[in-house]
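Chains: A, B, C, D and E, in written order; residue numbering restarts at 1 for each.
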Amino acid sequence: MSRSLLLKALGLVVIAALIFVPLTLNRYGIYIMSLWAIMTIAAMGLNLTLGYAGQVSLAQGAFVGLGAYTVAIMMTAGFGFWLPLVLAIIITFAVGWLLGYPALRVQHHYLAFVTLAFSTLVFLVFRNEEWLTKGIYGIMGFKRPSAFGVSFQKPIEFYYFTLGALALASAFMAWLVRSPWGRAFVALRENPIRALSLGVDTRRYTLMAFAIGSAMGGFAGALYAPLVEFIDPTPFTLALSLNLLMMVIVGGSGFFFGPFLGAAIGVLLPEWLRFAHGWYLIIYALFVMLLLIKTPTGILGIVENMIAARKTRAASAARAAASAGLDKA
Amino acid sequence: MTQPVLSVRDIVAGYGEMTILNGTTFDVMPGTITTVIGPNGAGKSTVFKTIFGMLKARTGSIHFKGTDITNAPPRKLLALGLCYVPQGRNIFPELNVLSNLELGGIAASADVNIPQRIEAVLERFPVLRRKGQQQAGTLSGGEQKLLEIARSLLLDPQLMLIDEPSIGLSPMMVQEVFSIIKELRAKGVSVLMIEQNARSALEISDDGLVLELGRTRMQDRAQTLLNDPRVGQLFLGGVIEEKSA
Amino acid sequence: MMNFINLLMAGLATGAIYALVAIGFTLLWQTSQTINFAQGEFVMVPAFFVLAALNVGMPLPLALLVGLALSMLVLGVLFKRLLVDPMLRHGVLPLAICTMALSIFLKETVKEVYSAEASPFPSFLPGGNLNLLGATISIQSISIFVFAICAVVALQTFLTKTSTGRQMQATAQNPYVAKLLGVPVERMIMYTFLINAALVALASFLISPVYLAKFSAGETLGLAAFIAAIVGGFNQIRGAIVGGLLLGVIDNLAAAYISTQYRGAVPLFLLIAVILFRPQGLMGRAEERTV
Amino acid sequence: MTRTLLEVQGIRKTFGGITAVDGVSFEVREGEILGIIGPNGCGKSTLFNCILGQLPPTEGKVLLDGDDVTGLRPSEMNRRGVSRTFQLLQVFPQLSVRENLILAGQEHKGTMVTRLFGPRDAGLTPDANQIIEFFRLGHLADEKAGGLSYGQQKLLDAAMAFMAGPRMVLLDEPAGGVNLTMLGHLEERLRAMNTERGATFVVIEHNMDFVMRLCTRVVVLAEGKKIAEGTPAEVRANQAVIDAYLGH
Amino acid sequence: NNAPIKIINVGELSGPGATVGTNFKNSADLAVAEINAKGGILGRKIEIVHLDTQSNPGVARALVQKAIDENPYAIMGPGYSGSVKVSAPLAAQAGIAQVMGGEAAELTQLGFGTLFRTSFGQQSSMPKIAKYIADNLKAKNVAVIWVNNDFGKGGRDMVTKELTARGVKIAADISTEAGQADFAADVVKAKNANPDAIFIYLNEEESARALRELKRQGVTVPLVGETTLIGQKVIELAGDAANGARGHIGLTVDAPNDNLKAYGKKFQEKYNYIPDHNGIKGYLGVYMIKAATEKMGKVDQKGLPDALKGLTILAAQEPGILMDLTIDKNGDLDRDSFLAFVENGKQIVKETLPKMSK
């Protein structure tokens, strides 16, 4: 099919751009690109929990924080990078699993509330438990990792490192949502009661959706710490969770590539708007509002609607033809 | 010749890009019961939604007693004496049964004595009186349908649109509803009804209408349709010989 | 005891404001499934309308009226027409995100156009203190409380006793069915937006003398309204009141008797206990049957 | 005498002060088609919900193959080969008709882990297509289920119940809103599955013609209690049943 | 070479620190405009660019990186100590002077060599306050009410250390949230501890709210604080509840000093509100850069940090510096400060506390 060929070509161009364009950027540009890759991973996790499985979570930012703190604390304690990374993923997976339990009892806005409270609590723990987190002063003094003799110290090196991580996370995600699990997650979102009566173990899938989504957040956080090389509580407030939520929705919730676009808008767009000085956030907010008014189902939602509309037109024409045929019969 | 109370002409309507009705045309005569039958997905419910202004007609016209009501809002139609009981569940599930009934009269003009009418309906459907304080969403499927039908009787319609009233009703309740419909006709009210329970429905009807693929396939006296072997075979589950799997 | 009364009164006054804002929040949710993340900013903005009016030399009562009118226009009519209407059919979250962007927009605009500084805001309520059982209670607190409760009672009466109010409630319950029954759903939704605008304006006029008029003043308030609405069951005006008052009081008591460091989370967790115990919220009804 | 597949013992269900099901007992034998009839609100759907674990019964027991399965979750019941349909429409609106059906079957293939590594459709596309054809939904296979008409959704709901090749299916008013021709078709299908595969059915239905033609035995409920049980002919002639349910 | 001298200010222009950052930015703009109007530095105009950290240290670090990529003459900001701490290594690596607003004690102890304050650090102000509480007020028990961010926490840690060292007990340690509106609970807690004095370390608006609540609950013990407790802004917001509050102030527009008053007036004319101490920091910062450059006699990016170190700037020669000022080798400032009271809605300076190094 020519469309799929076109898509493949487009994909290759994008991948090539992600690899080569940063070579032309200054350090700051590279930093922003790295941040984009990391936020995409975090948003991808939320997209699983929210977009696919329909479980509203306002705690994804907290999981990014948990991942970042795990890595920062362990690295300053001298554990290298890889063990803390694995541990960050395990911890956020486990905590995400636990956070899934309330979701078995309450839904929608109540769930939003529970996750919001969790997010608040996590922030306060980061800030108040100085013995562990150094409190408001934050943790410094850990370095970016190296692997197989390759150091990821320089910005561009670290960028490729995060890009690799993004590729890995995307591959995992693609595989997951295209497996029967992906369908079960959607079933959870669409009609949990019917799903249950079809043998879908909604409890386990709900917990899984939370745990895997959170672990993706933790993974993102584990990369965020060495990117910034300093961790303090302020980035991990509710604002980050809301920002990630925005990325998911604006990109197109429940679409695989939604988080990529959403994170581009959430991370890159404000930077491009910096020329507007004090007005840049105003312009940014206006842009997001206009975008959502034009594409309420997210950017990819609109693309899909367009494709669906074309299919529907064909079906509609067929129905009209059949209907006209009836008169002659 | 009498004027039709409702006349639907060349209606084209649908959902988004999908056109479901491809020029539907039919009439309903005053003081008659007209039953619409047709396969699932023919567009029967879509016609009703379009008549009642819940769906936009792209082209075509709908006239009620000579007035053009194409794409008029439900509020206006209710005021003119149209009434509509849709398919599926259309109640306020969180309110109790009595409040649901009261809200049924919300658009009635001030001179209508709604409490009195509610009393009359409750007389007719004692189940609803018994469950008056129960949250409507917890009623059984059939009871919810009854509530909806009861609610529509609060206003004085001159034309009732009823979409498959018999779904979920016990045989006794179906008889009850059909006899109410007959009483309405006796009072001069016209009824346009969709029924899959087509034999019983056609038996009490004056006219019948077969809809297929969004078009009026046949319109005739109900009795004629009932006896038409083609109708029986295609739509009434008559003597069909399917190649069994 | 004296301290307790002090805390209780302060909590009730703050809680009454939360309740006002939460009611508006609940109304918007009911009629149009709008989760307004800019609700806090909606409380912040009217104060600046008034300040602007005062700056051009209007007397306070007139300025308040102008503030109210502008709020109804901007936060009621324009908000609905420009943002909510185009998105209404597309589910809860896109609109919620849109209001998040709106909250950034309002905050930043006020900051750029007015200033990042807090400004004092004149009170139209009496000041001073009252002695009650040995505790000094601010008259302002009491009048805020009384004012807010009166507004709520008036609203409740309107909703239950008038035909328009009942039509609004029908819309809130199920717009599709309401439309079937002949309710002019669009107009009812517009009314709720106007009522919400009036409520936030009132909250703004009551609270700004205490909170000060500042571009960021809405941040905590919006969140509090959201929480109060949820605790109250999200679809119950009574619930929103109880949720608001509860949140205000618990927040104060928790800060005084449990932990100031964890002040932000303790009330939330107490309220979560409420929700897990009664998943439908404090005053909400049991979920309808689904099968 | 065939063996008992499902045994319902003294199920009672109350909601607050309302008793919806009041001590109902009956058994379902392997390979039969049991009808359950009764006036509106007599507790039929509630009984189904109690049997399948959707609601916890206030009292009573449910035995499947002699095992006590009271209070098991619906998914567990389903995995033991009992599937159901719903009275009110219950489909997955955003999924296509085919996806709805694949979903209905996938949880019966392998375990959660093997499904993760298996093919995307869990190998169910052919089965799904076959069922789609049977229910005459072929032209709608790739449509979103939410856009189907009432009767079509009803059929899809029934189709989903058959996807996993269940031993027993509980159908809650399958005929409501379904075109008569299609209904005849459905009836044949049920009968064929019953005779060829020995599948067992319990059917709630108000369409008496359908019940009388199809069912081997009928249980009648009224006000939460069982008032009669027997062959269709016996039940139809029973005065209590006529008074409570059938009318004249 | 007549190209403008480029200064990049990385500040908290949105988010919780917006008030801090905006004051800093506005005053820096004011100073730049003044200097440019008088012909610039060594005949070259200054061009200042502002970048918004959104009050987030991660972003701050990235923006300082961005600033360095653009090779500015000097960097100003950020104002949050955490943001300063993460970004300072980058500036140090590039050898570019960073004139910032953070007050945390440790910043200048980390040995970056390119980091300069624009105000007293907490390590200079807190000892003076602790001394006042212990010696002048003779307080034995003190309640500390502080805002739980890096500003408040730093001050609280420092004052606690200094007070304990002087044998004063911390009777209540009360953390509050930035932006908190309701101080009823906190005041109850402070009151219950029966302190001889209350030390209040909050941002201006919260200070005003706390003062009002303290008055309402009838607290009469001395209320001691820093600039953020008794500044004009607080007095304006708190009304007569501010009366009796006292504290140590580095620089305020109300100080008995003509240069300061002139600055305050110019600022108000331009921006229509009273600047707080963050404003003074931004203003001073620009003039510090100017003075150091003129001392070098050339615009030398790499030489600037060294020129700043050990520099003493006299207000008589450079009125923009507001008061005589010495920068030490760590980048800390030394100059006179004041002890002031609020009386009848006015800040009254009771005592001038001399430079420490004198």
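Here is the rule we use: contacts are C-beta pairs under 8 Å (C-beta built on N, C-alpha and C of every residue); 3 or more make two chains touch, one makes a residue touch a chain.
Given the structure is predicted, the values throughout are model-derived calculations rather than measurements.
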In the chain contact graph, what is the shortest path length, in steps, from chain A to chain D?
-> 1
Neighbouring chains common to chain C and chain E, by label | A
Could you find the chain whose CA centre sits the greatest distance from that of chain B?
-> E
Chain whose Cα centroid lies at the greatest distance from that of chain D = E
Approximately how many whole Å separate the CA-defined centres of chain B and chain E?
-> 76
What is the distance, in whole Å, between the centres of chain B and chain C, each centre taken as the mean of its C-alpha atoms?
-> 43
Between the Cα centroids of chain C and chain D the separation in whole angstrom comes to 48
Residues in chain D with touches to at least two other chains are numbered 45, 54, 86-88, 90
For chain B, write out the residues touching at least two other chains, lowest number first.
-> 18, 138
Indicate the residues of chain A shared as contacts by at least two other chains.
-> 128, 193, 278, 281, 315
Complex contact set, residues of chain C against chain A = 35, 37, 82-83, 86-87, 89-91, 93-95, 97-98, 100-102, 104-105, 108-109, 112, 223, 226-227, 230-231, 234, 261-262, 264-265, 268-269, 271-272, 275-276, 279, 281, 290-291
Which part of chain E faces chain A closely enough to touch in the complex?
-> 13-15, 50-52, 55-58, 61-63, 65-66, 68-69, 81-82, 85-86, 104, 106, 148-150, 153-154
Spell out the part of chain A that touches chain C in their complex, as residue ranges.
-> 50, 56, 102, 105-106, 109-110, 112-114, 116-117, 120-121, 123-124, 128, 193, 238, 242, 245-246, 249-250, 253, 278-279, 281-282, 284-286, 288-289, 292-293, 296-298
Contact residues on chain B for chain A in the complex?
-> 14, 16-20, 22, 212-215, 217
Sites on chain A touched by chain B in the complex = 309, 312-313, 315-316, 319-320, 322-324, 326-327
